[in-house]
Each structure stands twice: as structure tokens, then as C-alpha cells.
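Next, two complexes with chain A in common: one pairs it with chain B, the other with chain C.
Let's look at the complex of A and B:
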């Protein structure tokens, strides 16, 4: 696996956030926006131990090679679970794609086949593709803003239903599976200023706030009626009076789906490779496990709960902190 | 017969001539003129049609027959000719039959002397060649009108005339077991990393080709095995374009017999640049460049989007457009997807026919196809007018990017299939595959997608826009900046 730049790291994590925004079924009012801001503040605090750990020369690959199996296995399991949940989110939002067939399994198989190819090309190719997709996403956002601008009504913001800032913060943290990804990807990121590596947080916050604000200002009380406020927003906000622009959002959404599954596959396959160097067909194994996990989660109807925050805090905060303390102790002992 | 390669030249003149005839199988284009050189038997060997008779007579035969030295031996005669007579600017010595025939068949005149186990070689090429003319494939409005021709040495001079710096290095080397084609590596040795040149040489020397008859013979050896649909090795017909690329730290490869130069590494953004971009005013070039990026997406996606939206997402169309399409498709005998693929296939057949037929007939193919078949197909209801319009727009958009014609042609068809079967979801999936395929493209460690991914803001001045030369001249740019 090769090194990526801080900019590419930002793009990868932003796209992960963007996927979550598109699958957003959360509140969109002002308290929810405040909650999102609080959630991002907490995320920033959670990232500190990981930043300090990597500043002290930590490398996940070297750690795995020292025959520490438990932590890498936990990461692999987490990524497979998140990949599975992503599949469920895609199946649930598949209605928005107006597929010419019925059956979510075909969707999963098709995405799986595509991801099999995309994940085989490695992290470097993935990071380049993420840069391009971030560009497409930027253009899409501009189109959305132009469309929403004509429909925006500030007074509608107060009509948007919200269950409060605390609930907003919890909901945002539930969706922040990009933090463990951040911890792993830091291993492959070139040395750079911490501020550059953490750029995904302010930009991600901005993205969330813009979409939530637009949902509240354009949809008002309607936001709570639709299952997916983002897709409702795009269907209402059309930049051209004569022609709808939904095709762009749908194509970008499919791109984001592929990138997200590819991200979890690439990372799982890589960590599997460091634990079991002789294991072949790692990407296929990771993908099959993800589809299996997705089927299981889909069967029990699970897409997330406040308990999702626990593994995120554990992998992003507790683990780096523990590794940091362990390292300090080892330094003192030597 | 093939074991002559490392065989040293026979010192006995008659046996030497006999061996030459043996190796060539008594070929009629081998010309051997025997004469006495200061009393020692010698012969002038040439290949018919490859040398200039006038040059041979004036520069070699005339002075050499007047050579008169005391106590002549083969060794003394060779050193006399080498040291005292400047018979040709391009002189060399052949020690074995492999070199002998390479020189001979490249248009050199060779003097063999009885008693000498080496031959003197003089460059007196005089074969027929096409004169330098405007390149057919890379026309421009304000740039030079010179294009490469088939003769490598002429192409080298076309480049050298534009780049007088001694830092421009040109290295000749033969490639191809049978053809022994001369290729010339051109690079600015102060701007190209030595490792890149070494790797290119290593890959070229590692080829086991029998001949090199077009740039396509060498391209696979210079590309990485990533299966990228797009060319990661560039070609140009223009010496000015090659010079521009050499200045950016690329390596150029000229091949004898081919009016194209290969450039390595190639970036995708180069497909959107032309020489005229640097002649026109920056604001105009920027505008044209953005139109070209748009043309790329139109050419790739427009027919597929049309098919996908009309078949699976008609709610995305406005009422007027939907009614027009419904009316147009009402009488069409085949499905929209079949119609789109059919139109594109017919276009490709017509294009191929027009390209391969003699020029005089080629023109009439377009008339027959465009006017007669096209008009008849629409009026008979076989093809709907909107479909024909959409396809024509996509194809014409592709003409704006001739460099990307091959991948665009194939991908356009694949996108129609994806859009036809799976709608926008299919286009998104194939879009992901295409995006990853492009991003996987690399040439000697230089990402094909640079400077967009990985993003280099400074380099965007000649990618998304084209800044003026006052800004462009600041800081020497080389592709080395993109190396990963």
C-alpha cells in the first residue's frame, strides 16, 4: 500500500461523510444543526490521541507485523460491519435510484462486482478517484445551491421539526464511522501539519450544516415527512425551470456508494494482509463478508443505534490513548 | 545463415564478397564495385536505391581512387583514409557482419580492403523521402506547418532546429531483430531524472520484437500493466509539440520510418491541449479548454443518458421534451437502446470505410452515409430524429478530442448498454469503473490523472485554465513534480 497526501485523506473522509448526508434521515432544524456542530467538536477531541500517537512515530502496519492480532482483527470486523450497514443503507435508499428491476440482492451483487474491480486497484488509485469524486460532489453542491436558492425561505427554518441539540449531536456521532477510517488511513498519509490532516472535520461540518440548512429552509416542515430529506431536497430544488437535474445527484450517489464500499474493502483487505500475509483473495473475502453482514443487518432491520458510538470512541480514542500510554511506559522502562 | 551476427569480417576480399552474397542469398540490391586502392584490391559495397550516386562519386570514389601511399597494406590504407581523408561527416567502422548489414541497409557506403578484418563506413544516404509537410492529424491555425516525416535523421534535425541547447540529448539505438530500426531517445538531460531514462532504455532493450513498423509496437513496453483504457504513452506528429514536452521533462522517442514521436510520460490533461492554445489569448484558450472538458462528458455520456432517462426515468424529462420523444419513438420498430447502438455502429462502419478507402472514394462514402442513408432512415421511421441528433452531437463532441477517440468509442457503447439495462444506476456503476480505470493509469510512476489527482494547484494554471506567458515563465515546470 502506498502513501497518500493529506488532501487525498480529506477527500476520502469527506466522501464518506457525504454518503451519510445523502442517506440522512436525521432532523434538520436549527437545534439539529447546533447538535451537528457539537458532534464535530467532540470528533475533534476524539482525534487528538490518534494525532499525538502518529506524531510519536506510530505505524499500524509495523504494529500488526509485531504479531499483535487483536486490534487489527477488531478493525477488520468493524470495517466489515460498517460495510454491511452501508449495503443496508444503499438497499434502503435504492428506491431513489428508480431501478429497472426489483430485489436488493441484485443491487448488492452489482455493487459488489464493481467494488471487486475498484478495490483490486489499491489505495493509491482509490485516493485519486476520491479526489475526482470530491470535485464532482463540489459541482453537485453548487447545482443544489443554485436550485435551492430560488426556493429558500428563512421563515421555514422554524417549521422544521427537531428533537434538540443533544439528539442531533448523538445522531451525528452515530454516523461518524469515518473516525476509525481516519485512524487507519493516518498510517498511509505523508507527514504533514496536523491542521491539514484534520481538514475533513471543518469541511465535513460545513457540508452537514449547508445541507441541513437547505433542508430546513427549503423543505420546512416537509422534511420530516420524507424518508430521505436530501433526496426530497434535490427533487424540490431544480436549477432549471424546464429540465430536472436529478440525474446528476443519482449518479454522484452511486459513485459515493461504490467509493464507500471500496474504502472498507481496501482497508479490510489490507489489514487482513498484514495479519495473514499468505491469505489470498482478501478483497473477495472482505466483500463477501460485508454482503453477508449487510444481509444480516437488513434482515433484523438494523442501520444504527446510539450504541454505534461506543466502537467509534473505542477505536478512535481509547485505543490510541492506550497505545500512547503503553509507548510512554515502554520508553520510561528502557 | 543467421549465425553471421557476431562473425568478424573476413580479411580475404574475395571470400568476404562471397560471404556477403551468401548472407544476402544473392540479393540483387547488393552492389559490389571492385577497384584497386593504391594497388591493393578493395571494393565499395552499397545497397541499390539507398545511396546518392552523386555523393558517392564526388565524395568517395573520386578521392579514394587517387590515394597513393608507399608500401600500401590494408592497415596503412585504413589509417590513411581515416586520418587524412574527410570523405563523409558520418563515418564509422564495422567489425562484424551484423554492423556491416545494419550500416549497408541504412544507406551507408562501405569500403572493404583485402587484408583488413574491418570495413570503413561512410554516410551517403540518398533514398527517396517525403518532404516535410503539414501534419495531417494535428492541424493548427497559428503554429508551425512542419510535421515529422519518415526519415529519423530529418526528424532529429526538425527537433534540433527548435532546441539549440546542448542539454538536449539525442541517443540513437537499433531495435528489432530483423528490421534493426533506428530509434532516437530525445530528452533534456538537465530536466529528466536519470532513473526515468534508464528505465525506458531497459524496457526498450528488453523487447524481443522482430520489427518496429509503427508506434504501437513500442507503446505496450512503455505502459504499466494496469489495464488502463486510455493511452498512457503519448504520440505527436509535430516537432514543436515534442519540443514543448521535452522542455517539461518528458522523454521523446523518434522511430525511423514513422512520422510520429512517442512521448513519455503522458498525462490525461494533454489530450485537452493543442499547440494553438499557446498562440491564442489566455481567456479564449481557457474558454475553449472548458468546452473541451464538456465535450468529453457529452461524447461519453449523452447517448447513454438519453437512453437511460427515456427508458427508465421519464419523470426526469420536462413535459414538452417527453412529448416530442414519445411522438418520435412512437413508430420506431426497435427499442431505444438498440436504436442508439445501431446508429453508433453504423457511424463507426462509415467512419472506418471512409478512412480505409482511397481519398477520392472516401468523400463519397460520407455523402452516401450522411445524406442518403441518414435521411432515408429517418424518413422511413427506422431511426428517430432525436436519437440521430443526440448521437451526432456525441460523435461531433468526440471530434474535439481526437486523442481520446479510441476509449471514447468503446466506452460510449458500454455506457449505452449500462444505461439501457440499469438506467442511471448502471451509468453510475460504469462511471465508477471508468473513473477507477483512469485513476489506475500510470506511466513510469507518473499518475495519468495528474495534476488533478493528486491535486497540484500550481499546475492547474495550464490545465483548467491557461495563464499568460508572463505567469507561465515563472518557475520551471517539469513533470517530475507529479512523480509518486
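Let's look at the complex of A and C:
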């Protein structure tokens, strides 16, 4: 694996956040926006041990090579589970976006083929693709803003239903699977100022707040009508009077889901490689496991619960903290 | 290198949707306006964009099957995404309008026109009808409405919306609850709603002052609807500020009279919120809003209008 820059790290994590914004039904309105801000504040605190750990010269690859298997296996299982949930989210939201191929199997196979090719090119190429897609996402956001501007009504914000700031914060933390990814990707990021590496948090917060504000100001009470407020927002935020700009959202959605699953495939395959160096076709194995997990989650209708926060806190906060304490003890002993 | 070129070619063929499920422009019908009659059976009359001179009809159990039926008759796919005007023979509820927006991909800016009793024949120029709706809105003769604003109003607490209605005399405005037309508004109330909603004020109005009839040029105008609870009763205040050239006092008095007519005919007589009453109460008196149902609010509310120079 090659090294990536802090900017590329930010783009990869932002795209993952953007996909979650598009796919999941989140609350809108001022309390929910406050909850999102609290959620991001907690995320920042959760990132601190990982930042300190990497500052002290930690490397996940070296750790895996020291024949520590448990932690890498947990990370692989987590990424496969999240990849599986991503497939379920795509299948669920495909009908909303009228994807040309909405059959679950054909969608999974097509995405799988693209992900397999993208992951075979390595992390560096993937991160370049992420930068390009982030630019495209920016353009899409501008188009969304232009379309929504004509429909914005600040007084509608008070009509947006919201279950409160606490619920907003919990919901936001549930979707924070980019934090364990951040911990793993830090191993491949060039050394830089901590603020640069954490840029995905303020930009992600801005992205969330913009979408939530637009949903509340444009849709008002209508936001609770649709299952996916973002797609409802795009339906009504058309920059041209008698022409729809759905194609651009469709392209972004497909790009984001492909990159997100590729991200989980690349990381799973890489960690698998460090645990089992002789294992071949790691990307294919990771993808097949993800599709299998997706089928299972789809069968039981699971896309997330507040318990999702536990593995995020464990992998992003508890594990780095434990490794940090362990390292300090080793330093003192030596 | 060969592998990359192969993958690029494969992506161009498979990923761009050029292989199947696509339609050429000539294989599609682009609908300019549609007349929908959603009775026991749904009938759909589709007027195409200028130049084609064709009327396509379809009947089915719902809009989807009616559209399919029309497509089979003509042998071409029907594209509703550019539809500028949707005429409804009877009012449609919010779920029906949501389907139009979400499932049939109608533009949120598509104009809606109710046709209670009036009919649109094959000879009707629906483009002219669309243009007169647009022009009426631009000139500030009728309030700005479209598919999305009507849907949003129908989804609000009172479930009533302001919509254009085709009458013998032309285009009027009416209040609908998605099932029936509750009442047709007078010309004065319609103009009053233009000012109360504050989306599209006219550029010039004719006022009667001490020197007789004269013209008042409106440079800018803004409307603010606010709410206040006084002795347990909601007081709704509509504040219109105008800036322009001419007899400002006469203009203010005239606008106030129009606004009063609008309030009398909508909020007072039909309990219809068509100028942001609910939003104002939810924003300014959130506790009161949470404790009372909106019907009670509308029954007890006291309205006040203030029109003045900016």
C-alpha cells in the first residue's frame, strides 16, 4: 500500500459521510442540527487517543506483523459488516432514485465488479478517485443549493419535526463508521499536522448541517413524509423550472456507493494480507463476504441501531487508548 | 495497458446506460401539459410540446396504467419530466400529488390548474394557458403556486391549499382540501393574498387618492407574518412594507383593504392557512403551538394588518 495525503484522507472519509447522509433517514430541524453538532464534538473527542497513538510512532501494519491477530480480525469483521450494510442501504434506496438496475443481485454484482477493479489498483489510485469524486460532490452540492434557494423558507424550519438534540446526536454517532476507517487509514497517511488529518470532521459537520438545514427550510413538515429526506429534497430542489436534475444525483449516488464499498474492500483485503500473507484473491473474498453479510442483513431488515455506537467507540477510542497505555508501559519497562 | 483500455471500453458501454433500457429522443413523447381525471378510472389527456400538434389519451386504474395505455397507443415512451401544466378535473390529495412528484417525476415547478366544471378540449392551446398562469404570477395578479407549494400546504396542519382554478371568466384562485373546492376567492382577496404571501408583488398598482386615480410604482416590498399570544388568544400580525414612487398612503390603504378581504375569505371564513400562519405560531409561540390543535388556533386567532412605507 502506498501513502496518502491528509487531503486524500479527508476526501475518502467525507465521501463515506456523504453516502450516509444520502441513504439514511435522519431528522431535520434545529434540535437535530444541534444534535449533529454534539455528535461531531463527541467524534472529535473519540479521535484524540488515535491521534496521540500515531504521533508516538504507532503503525497498524507493524502491529499486525508482530503476530497480533485478534485486533486485525475485529477490524476486518467490522469492515465486512459495514460493507454489507452499505449494500442493504443501496438496495433500499435504489427504488427511491429509480436506478436503471434496481434488482438487488444485479446491483450487487455490478457494484462488486467495479469495486473489484478499483480495489485492484491500490489505495493510492482509490484516494485519487476519491479526490475527483469529492470535487464532483462539491459541484452537486452547489446545484442542490441553487435549486433549493428558490424553495427555501426560513419560517418552515419551525415546522420540521424533530425528536430532539439527544436523538440527533445518537443518530449521528450511529452513522460514524468512518471513525474506525480513520484509525486504519492513519497508518497510510503521510505525517502532517493533526488539524489537517481531522479536517474531515469540520467539513463533514458542515455537509450535515447544510443538508439538514435545506431539508428543514425547503421541506418543512413535508420532511417526515418521505423515508429518505435527502432524496425528497433533491426531488423538489430543481434549478430549472420544467426540467429535473436527477441525473447528477444519480451519478453521485452511484459513485459514492462504489467508493464506499471499495474503501471497505481495500482495507479488509489489506488487513487480511497482513494476517495471512499467503492468502490469494483477498479482495474477492472480502467482497463476497460483504455481499453475504448484506444478504443476511437485508433478510432480517437490519440497517442500524444505537448499538452500532459500541463497536465505533471500541475501535476508535478504547483500542487506541489501550494500545497507548500498553506502549507507555513498555517504554517505562525498557 | 490493454487491460486498462479494455476496462475503459467496458465501462463506457456498460456504465453509461448505452446498452439497454434507453430511448432515443424520437422514441419519446415530451408532454407539455396533462389533463387528469382521477375518478373510478383514471383518464389522462396529454398535450405535447408545440409543433407536434397531437393529443394523446390514455385510460387506466391509476396514473401509471393510464400513462402506459397512452404509450402503447402511440407506440412511444411518455416522458412527464418536462410537464409545465397539470390540469386536474377534480382536486387531488397530498399523497396523489406526492406520487406525481416522486414517482412520475413531474417537476416541482409544474403549474397546477383545477378544472371544476370547465373542460379543456383538443383545440385548447394549453401553452397559452400555461403562459397566462406564468404571466399572471409575474405581474402579481395571482399568488405564486405550483405543484410543490400546493403539496406543502395540503400537508400542513389545516390540510388546505390555495390553487388556481379555471372558471368561465378565466383563471381564479380557490381553496381546496384535496377532496373538494371549499370556495372561490374574489379578485380583491386574490390580490390581497399576493401581498400577504409576499412572493410576487406587482411592479405597478393603480391607487385612488385625493387627486383621483393614479399609478404607484412598487420598487420593493416585503411581508412578515408574526404571532403573539395575548391573554391566551393568538394574535397574528401581517406586516407589509413597501417602497415605491407615488401616493404611498393611498397605496398602503388599498393594499390593507385587499389583505383584509384575503383574511376574511380564507382564514376567517374557511379556516384556511394560506399565508404562513402555522409557521408563524410554531416559530413565535412554540409552547402554545405544541399545546393546542391548529383548528382551535384558527378559530380563536385575531388578525391584524399593518401596511406601511419601508
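Everything that follows uses one rule, which is that the second predicted complex is superposed on the first by the 329 of 334 C-alpha atoms of A that agree within 3 Å, B and C clash if a C-alpha of one lies under 4 Å from a C-alpha of the other, contacts with A are read in each partner's own complex, and residues count from 1 in each chain.
The criterion applied here is as follows: a residue touches a chain if its C-beta (ideal position, glycine included) is under 8 Å from a C-beta of that chain, and two chains touch if they have at least 3 such contacts.
Just so we're clear, the structure is a prediction, and the values are computed from it rather than from any experiment.
Within the superposed three-chain model, A:117 lies in touch with chain B and with chain C [touch as defined at top].
Once chain A of one complex is fitted onto chain A of the other, the partner contacts of A:155 are limited to chain C, with no touch recorded for chain B. Of the two partner chains placed by the overlay, only chain B lies in contact with A:255; chain C stays clear of it.
Judged by the number of chain A residues each one touches, B leads among chain B and chain C. Look at A:225: by the touch rule set out above, it reaches chain C but stays clear of chain B. Of the two partner chains placed around the shared chain by superposition, chain B is the only one that A:135 touches, whereas chain C remains out of contact. By the touch criterion defined above, A:246 lies against chain B and chain C together after alignment on the C-alpha atoms of chain A. By the touch criterion defined above, A:125 lies against chain B but remains apart from chain C after alignment on the C-alpha atoms of chain A. With the contact threshold set out at the top, residues 98, 100, 110, 114, 117, 242-244, 246 of chain A are in contact with chain B in one structure and with chain C in the other. Residues 7, 14-15, 17, 21, 81-84, 98, 101-102, 105, 107-110, 148, 151-152, 155-157, 225, 276, 278-280, 282-283, 286 of chain C touch chain A in their complex. Within the complex, the chain A residues that touch chain B are 2, 5, 7-8, 97-101, 107, 110-111, 114, 117-118, 121, 124-133, 135, 242-244, 246-247, 250-255, 257-259, 262. The touching residues of chain B, counted against chain A in their complex, run 226, 305, 308-309, 311-313, 315-318, 320-321, 421-425, 427-429, 431-433, 435-436, 439-440, 447, 449, 452-455, 484.
Contact residues on chain A toward chain C in their complex (touch as defined above): 96, 98, 100, 110, 114, 117, 151, 153, 155-159, 219-222, 225-226, 232, 235-238, 240-244, 246.
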